[in-house]
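What follows is chain A paired twice: with chain B in the first complex and chain C in the second.
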Partner chain A sequence: MAKPKFDVGDEVRVRNQTSLFHTRTQKYTRGHVGVVSEHRPEWVIPEDEAFGRVEDGRKEPFYVVRFKQTELWPDYTGFERDTLESEFSERWLEPARKEK
Partner chain B sequence: MPGLTYDQLQKKAKDLAPEEREILDSPYTISNEAYAALRWVLHDVGGQVDIPAPYLEKGEEPWEMNTYLTCECLGWRGAWNSEERRRRENDLGGTQYFGLPYYARWITVATKSLVDKGYITVDELGAKIDEIRERYEKGKQ
Partner chain C sequence: MSGSHRHDGHDGHDGHDGHPTFPVASQVSEFEILELAVRELAIEKGIFSAEDHRRFAEWADGVGPHGGSKLVAKAWNDPGFKRRLLENGTEACKEVGIDWLKPTGTGTPSDYTFFYVLENTPQVHNVIVCTLCSCYPRPVLGMSPDWYRTPSYRRRMVRRPREVLAEFGLHLPPEVEVRVHDSNQKSRFMVMAMRPEGTEGWSDEQLEQIVTRDTMIGVALPKAGRTSDEDVQAKAAWR
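Now for the complex of A and B:
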């Protein structure tokens, strides 16, 4: 099993990569910054599993990322501390700030 | 609905499509922006403009649970997986995706999947549906 690239507590940005067909990476999270809140077991990425490639699909670590609602929705009117969590395979995440 | 003409079926599907839209009839070219929008997978439902939806209590019906169990059994037997089901639901296109009840989407794509993989043929399935419909109609008399 691959060692996860990101630790719990790391700030990550969801990549805004072109996707052609099925993906589980919501459009509204793309380009936004959140904090890794949980590691999930390595599994076949949705882009492969969706086409029946369970045996030979590409496996990656998965992460739960916690976003501030105010980060996702600029006009959010709820409480400042409100959050939303979603799950991503490793390919969709990059460090929030580029390393120097 | 076997009694409906092509025109009636077309009108029915058009009325069911919930989104206001520009009429497109296989245009010769489209913009990159339009293509990006057309690739948007249908289950990705966060953040679209929408009106508040009423919250309605609804119990699960026997056909819904039968559909659920059938689809799970197909998974256990290795015929498909949940992610494939979701992808196939997206592949139904907007009119069917938003027009069908939740579990009707499941059973529709389960059928398509079994046909795609050669487990059943569409004419076998059609014949079976007609046979049961006929039996059902007779039973009502």
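Now for the complex of A and C:
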């Protein structure tokens, strides 16, 4: 079991990388910054599971990331406090601020 | 997609020959044709049998939202169960007779990994959606309503949740945080609303009646005296 790279409370940015193959990382979250709100157990990433590699697929920690709606949508019509949560495997996340 | 007309001039109303050219096919969506083709291939390849498919379909069609109602009602009355439910939803389900591994032994592949109950508070209102397809906690809520699967619900709930909730008749005040949960991976969610006023001393069975499907999706709030079975007061759309 790999040690999760991000802690609850960490600010993370969703990577905007290739989705030539199967992914469950929605387009609307890519490039956006949120906060890790929960850890999820590691499991096979969808990029492998989609091709039947349930046994030998790559396993990664998963995270729930909470976004402010106003961060996701510049023209958000609700209120500042509204949020959205979604899950990501580790490969889709990077620290929100580059390490010095 | 589900339109009954083929827009190719052969929809039976153009008077070419008086016979509709696609009398049956015009009522079948492309998605249904695709499902049928994949199913037949899977049967031919021996992945499952037609009998397996029928049994599973029968099971799936028979599951309603009653399991979910039971979970919420029991949690409202029993703080110990509520704690167990919030800590490990999949495990706590077994206490009301729901085993997420049934009926296939590995879970329904698109459904099963983890089940989380989202507890509403005076500060936070939760609502679920799946923008990628139609993920839904079927073992506890049964088949999802048609609108849950529509692109317009999926794309608008993540982007303009307060407007969509208002269209369902649910207006939440600005001091309540609306939290949308996009079921994009293997977790499945269900909303546990706050126990409404006027239900003090109610039994689990009484409470179950007011925990309707929509309150567990998060587009409605339970109310004493309002159940999913009561007659709907409908007005004629026009006269």
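Just so we're on the same page, the second predicted complex is superposed on the first by the 100 of 100 C-alpha atoms of A that agree within 3 Å, B and C clash if a C-alpha of one lies under 4 Å from a C-alpha of the other, contacts with A are read in each partner's own complex, and residues count from 1 in each chain.
Here, a residue touches a chain if its C-beta (ideal position, glycine included) is under 8 Å from a C-beta of that chain, and two chains touch if they have at least 3 such contacts.
Being a predicted model, the structure only gives us computed values, none of them experimental.
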Contacts for A:51 in the overlay, against chain B (first) and chain C (second): which applies, first, second, both or neither?
first
Which chain, chain B or chain C, ends up touching more residues of chain A in the combined arrangement?
C
Check whether A:40 is in contact with chain B, with chain C, with both or with neither, and answer first, second, both or neither.
second
First, second, both or neither for A:62, with chain B first and chain C second
second
Go through the superposed model and pick first if A:28 touches only chain B, second if only chain C, both, or neither.
both
According to the stated criteria, A:81 is in contact with first (chain B), second (chain C), both, or neither; which is it?
second
Common ground on chain A, meaning residues reached by chain C in one complex and by chain B in the other
24, 26, 28, 46, 73
Contact residues on chain A for chain C in the complex?
24-26, 28, 40-41, 43, 46, 62, 66, 69, 72-73, 76-79, 81-89
Per the touch rule above, chain B residues touching chain A in the complex are 39-41, 44, 46-47, 80-81, 83-84, 86-87, 90
Could you pull out which chain A residues touch chain B in their complex?
19-24, 26-29, 46, 49-52, 54, 73
Sites on chain C touched by chain A in the complex
113-114, 131-132, 158-163, 174-175, 177-182, 184-187
